[in-house]
Structures are given as C-alpha cells and as structure tokens.
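Below is a structure I'd like to ask you about.
The first chain written gets the first letter, and so on, giving A, B and C; residue counts start at 1 in each chain.
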Amino acid sequence: MSSTDTSPSPNGRVPERWYQSWTHVSVDRRSSGYCRVTFDHPPINTITATTVAELAELVGLIEHDPELNVVVFDSANPDFYLAHYDTEHDPARTAALGIGPTGLHAWLDFLVRLSRAPVVTIASIRGRARGAGSEFVLACDMRFASRENTALGQFEVATGVIPGGGPMARLPRLMGRGRALEVLLVGDDLDGPRAEQYGYVNRAIANGELDDEVEAIAARLARFNHEAIARAKSYVDRATLPPDSEFPPALADFFELLGRPAQQAQFARLEELGLNTDSDLERSLGRRVVDSLPDA
Amino acid sequence: MSSTDTSPSPNGRVPERWYQSWTHVSVDRRSSGYCRVTFDHPPINTITATTVAELAELVGLIEHDPELNVVVFDSANPDFYLAHYDTEHDPARTAALGIGPTGLHAWLDFLVRLSRAPVVTIASIRGRARGAGSEFVLACDMRFASRENTALGQFEVATGVIPGGGPMARLPRLMGRGRALEVLLVGDDLDGPRAEQYGYVNRAIANGELDDEVEAIAARLARFNHEAIARAKSYVDRATLPPDSEFPPALADFFELLGRPAQQAQFARLEELGLNTDSDLERSLGRRVVDSLPDA
Amino acid sequence: MSSTDTSPSPNGRVPERWYQSWTHVSVDRRSSGYCRVTFDHPPINTITATTVAELAELVGLIEHDPELNVVVFDSANPDFYLAHYDTEHDPARTAALGIGPTGLHAWLDFLVRLSRAPVVTIASIRGRARGAGSEFVLACDMRFASRENTALGQFEVATGVIPGGGPMARLPRLMGRGRALEVLLVGDDLDGPRAEQYGYVNRAIANGELDDEVEAIAARLARFNHEAIARAKSYVDRATLPPDSEFPPALADFFELLGRPAQQAQFARLEELGLNTDSDLERSLGRRVVDSLPDA
C-alpha cells in the first residue's frame, strides 16, 4: 500500500480497486476528485455483456468514493463513442448478467445507479453513439458533443424492436414529446448541431475545442465540495429522474419483439451488411438501417 | 370490392370506409402504411362542427387499422393551415357534437385519441394555425413548419377568453413554463424560426424543401414494423401525455368566459374586421386582434 | 384621495398603498393594468432582508389588485440586475423575516406567491443576476434578457453550499435535466445567447431594443381582460409549478452547509476579494468564484 500513500484522498489513498485492470475501458484517476474513463473496445466500441459487467463494477466504485466529484467518459476511437449493444451471438452471456442491487436487469441497474451517483458524470462525445450507446449518454448528467463528428440516435424501431434502456423515459424529459418521438420513431442519426438544437446534448462544441472545454469543466468541478455537489444533484434527481418502475416494461418488450422470426431475420441481414464491424453500414447506420427491411 | 384487391393490406384490401367522401379534408391512402390528409375548407380552413365530426370519424379509422404507420396532415391552402374554430353563428351545431368515446367533449375527445393513436401523426405546416388550429398541431406527434410561411399562436386571451383545447397542458410540456406563458398570455403569432427556437415545432424547414423532407420521413416510417412504432410511442405517451382530466376544466372556462357580453361584443367586432374570411385581420391576427379591444 | 380620482380603476382609484415609499425598489404604476418595479439598491442590487420584506409587501398588493395585469421588473443599474443575497453580517435580520402566509420561509414564500400571482410577471434583465437574483427571475413568468449584457448563474455549489430558493426545482423544468445540472453544478455564468439557447430566458434581445420590446409586450397585456389572464395562467400553474413541498428541504440544506467552518472561511475570502461591492469579483463571479477555494 505504500505506493499510494501520497494519493490525495482523506486517508491518504485512493482505494486499490480503482487500479484493477479493465477490458473494455481504461480508467484514469487523475486526482482524488476527478476520474476519466475511456471506452476502448475495438473495432467500434460495441457494448457487450463484458462491458456491462465492467461498468457495473465501476459504478459501485463511484458510488462509494467520498472524494470523487466528477467522472468524464470519452472514447479511444474518434469515429465511435459507443456503437450499440452486441449480444455476440450468445444471448446467454447477456442473460447471465442477471439483476443488479436495484432489482433491475443489469443494464438498467447500471444506468439508474449512474444517474443517481453522487458525482457529476459527463459524456464527452466524439463519433457515433446509437442504441445502448445513446442510452448510456442519456444516463449521464451532462453531454458535450463534437460539433463536426457526432451521430446520436435510437435506431431500434427501424429494426422492428423498441429501445430497452430507457430512452422513451429520458428523451422526452430532455427535449419534449415531439422531438423525442422523432428521435425514437424515425430512428435516424442526429449530428452535432441538431443534437444541440434538440437538447439531446448540452452543447455541440467545435471538435478541436471539445477536449479542452470538457477538461476545464471537470478540473473546476474536481475542486468543489463533494457534499454540495451530491446534495444539489439529489434535488435535481427528485425533480427529474423517471421512477425506476418506468424502465422494465420496455425492456421486456424489447426482448419479446426481438425474438420474433422477422426481427431475427432483419438482424441477420444487418450482420451481412456489416453490423458490429467498422463498415459503411455502421458509419451511416441511421440512413442505412432501412437497407435491412424486408422489402428493401 | 375488386378494385381494392391489389391494395397492400394483410387481407388484400384497405377498408372501404377510407374511401368515403369527405367535406373538409381529402384523404389519400398512399399505401397500406401511409395516409395523407389534406385540410381543404375554403376560404381559410376554419374548423367547424363538420370538421370535428369528420376528424372524429377519421381518428376511428386510424385507431383500428393494423397496417397504418403514419398519417401526414397538410393543407390545400398555402396561406392557412387551420385558421381557428368557427361556430358559424350556430352554437347548437357545436353543442350537438356531444361527447366522444373517451367521455370528453367531441373536440377534446378527438385530440386525445389522435395523440394516443398507434401511428405516427405529422403536422406539415404551411400558413396560419391559431387557436384550435394550434391545438390540433399540438396533438400531433411531430410538427414540421415552413420556415418562411408559418404563423402559430393562441390568440384567445387577447379576446378575453382562454383556449379550450388543451394548450395550457401541452405547450409547457413542450417548451417550458416561461415560453408557454408567453405564447398563451401575450397571444401573438410565432413565425417559423421562433416556433422552432421555442420547440413549438420539431423544426422549421425551408418552404421549398418542406414537402420533400416530410415525404421522406413518412415514406421511411411507412416501411417500419407497426407494432414497434405503436409500442415505442405508447411508452412516450405514458411519460408525456397530460392526464385526460387536465383538459375539461379549461374548456368549461372557455365556454363560460365566451358567454360574457363583453366577449360577445369583442367577437362581433372581430367579425366586422374580417374574422373567418381571407382578410388582413386573419392574415395578421396575432398583431391585429388588439384592434377588437374595447378601448381600441 | 382626490389626486387619485382619475386613476383608471373600477372604483376610480389605485389603492394608496401602491404609493408608499420603498427602499430597494421604485414602483411605477403606469396604468391600472400595468406596473413597473425597478430594483435600485446601490451599489450592485444585492438582495437583503429589507429587499425581501419589501417584495413580500409588494406581492401582497399584486395578489389583491383586480385591475393589474402585468408587472415588469427591471433594474436601475445597467450592470447589475440583482447581484445575489447579502446577509449583511447579521443573520438575525434574515431570521427575523420569519415565515409567510404559505407557511414557507419568507424568501420561498415570496417566490411561490409571485409565481402564482394572477398577473403576468416579466423580468427584463440587463446585467448580472446570480444566486437569489437568478431565483427571483426564475419565479417570474417570463424572462427577456439583454443579448450583450446579461450574466445569469447559480454560483452556490462553487462555494460549498447549495441554492436555497428553488432552482433545483425550477431550472430542470425549464431546460431539462442535463442543462440544469450544468448550471447548478458547474456554477458558471451564462451570457445572453447561452441563456436563450438553454431556455433560461424566453429570448435574448439586442440591448438597445430590450426596453422597447418589453414595453410593447407589457402595454399589450395591460389592455387584456384580467380574468382571462388569471385563468389561463392558473392552468399552466397546475401543469408546471413544483409543489411547495419541494422547496424547504433544499433551503434547510443551504443553511446547514453554510454553517460549516470551511464555508464560513470561503465566504470570508470572497468578501476579501470584493463580494457585495462593485468589484471585478462581482463582475466576473462565475469565473472568479474559484479564487475563493481553499487550494486556490
């Protein structure tokens, strides 16, 4: 433990568990108050059962760290922030995630715990974040996006299923019913300026300035009093967070609709077209998802 | 029935009732998934008891059509989308509309059923939509408006009454309390850019591109799985729609306030100035409604 | 009383109490329907116990005036709208304000009564409004701000406390959770364009046009029917106002956190840096508040 004696925490150390090795993320505890988490799961940062398990471990650390004020989530891949969920042809892996401490399915459990964690969570978005990737950024407290290099969307309805991780609850509370229905039902990508206009993100920032601006905000927050941040956020939580009970029915619908033969066939066509790889399909998924429709 | 044998529906036909003749709208079932409804009630597309009765009939068809995904509402008159309500000097006609299946007054019944219908409803707005015309677009799922040729507003308070068709419930949920109070209390028109800025519409689109953009969205939605659209929308409904009970008290207030002698006199002055005709008053109603005030 | 015989009220007079002398505001009843209130408490329009007492008196007049339609609040100081709260080193003065008719602490009592008053309240913002100054404008019905000369913010968290006058309840309902958390937790100033983009204000207006535009809106509203304004607003109130019970816990937290030695020390440093005076600190408080942090 001697190597951590100089770390800036109340008792002189950041808990060792922060320094474990991770698979799909890298974790950089820059100071006692500030942690940066970088998604790094080549080739396109899909979210898999492994990712969810690691994020669940991470949110447990975040929840119980009285020194930590701010966590920034960014991506090692400038073209993909978090592509979307990938079952890896093995639904059993996802099923094995089970339920979390909130009593919700592991993915929902992670998202609701992240949204209530007593720290400021910031998604610094460069590249594509669709489906579960969008659900992740929506569970963060704030979202800043590259003006020139962002694609956000919920493409699920275009594949005959519905999103399972909460965007029907979160999007309309951010941007109103009309724009949320457009995002959810039309299912196309939103670029940076449109995401800013709709309130999907706090702001779109010039790509070359995004990192510096987010860094300045995080460095500022890192110096603040932890208790003030935690309490102020908790009051906003009470006024804004959907009740946990709003999430599970949509996830159950997602699984039910996904199990239909027509949807299994559509996902097989998407894989043939390049889903889960760094393909033209993935780069233009909002536009090209319709190529997988039966009568395409 | 042979003429419909080739129509793209599950059992080979679109129900014949879709092809009835209509008075204030034209209905074009472009495909099994896509219907376009065009308001056409010269000279300025006022909403009358006849319009409400036809819209109620139409929403019944929409609710029970398992093939239909999207309905676009536009106007045959480029200057007026839907002017506002007109009692035609015969309140008995409006009274005769009675209550609908939801137990609400016919106008409210139509609006809440439209908002919950298991299809995507899109208002493609060119020209003026005030009062009940604005209430109609607010009950649609999405609103796209001509950037150069749109006037949206709730002018009722300027006439000494209040809106009866739900905008006090719907507007603040779209744009927040401050901007909703401005729309409702100041009662002036919003042009396309302002409507977009305030979130009154999803987007203002260059007048020459509005039709193509809405058509592209509708054509895309028409190909999607109906059940996915219906379920995704239903979850947004639960998170966003006002409870039905929020609507009737304001409508009762509208009738009460309208019955006052001062308001009857003000509406008489508005008619003298050109209300319900293609007049300068109607073209600039947000600005000119004050010309009917007692001390004008 | 003869001098008021010609005033335009139902019984020929505006109540005399409107013409009392005020300390931190000037009150100009321009007509029976329209009142302008100008904050004037040099050097920077801090809010003190005296201000709260006068505002409480004023809202009582507003609530019971059946002729009044609109109240515009502006500032005599072009650089400061309402700086923030100042206890004047005498917390007993604030404590002595007690509770108001709603059963809430005097400051909360004033804010919730203002928000429900049966008139249109407009904040015409030029200069800085932070902390309680921001809480005041958020309790008004509409906010119009100078595009070039506005700074809005909640700087409390940066000082180790939390806002006590309701912005955790009001801001997210105006601008959504993500942007509200940024305002509340980062605590920096928002300029006019950013305030407009986030929905903090209805609109940012060119500084040279702000007064004329607000005057035109107020003059229009002054002519409308009082009952129509009051009822329309009351329906928006039901759909949008936080329940009164949402406010007191945060105010109690504010007092608790403020009492900590570390926060007392930080406020002492802020005073050394120029708090409550027309200083560079006050002019750039959002940026410079961090200069008071322990490790600065």
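Note that in this section contacts are C-beta pairs under 8 Å (C-beta built on N, C-alpha and C of every residue); 3 or more make two chains touch, one makes a residue touch a chain.
Just so we're clear, the structure is a prediction, and the values are computed from it rather than from any experiment.
Peer 1: Enter the angle, 0 to 180° in steps of 5, of the rotation superposing CA atoms of subunit B on those of subunit C.
Peer 2: 120
Peer 1: Could you classify the subunit A-subunit B contact as same or different, where same means more than half of all interface residue numbers appear on both copies?
Peer 2: Both copies, subunit A as well as subunit B, present different residues to each other, with under half of the numbers appearing on both sides.
Peer 1: With chain centres taken as the means of their Cα atoms, state the distance from subunit A to subunit B in Å.
Peer 2: 37
Peer 1: Mind pulling the residue numbers of subunit C that touch at least two other chains?
Peer 2: In subunit C, 173, 175 touch at least two other chains.
Peer 1: Given the complex with subunit C, which residues does subunit A contribute to the contact?
Peer 2: Against subunit C, subunit A makes touches at 120, 141-143, 173-175, 196, 199, 201-202, 217, 220-221, 223-225, 227-229, 231-233, 235-236, 238-241.
Peer 1: Over in the complex, which subunit C residues touch subunit A? Could you list them?
Peer 2: 156-163, 168-169, 171-173, 175-182, 184-188, 197, 242, 246, 249-250, 253, 257, 262-263, 290, 293, 295
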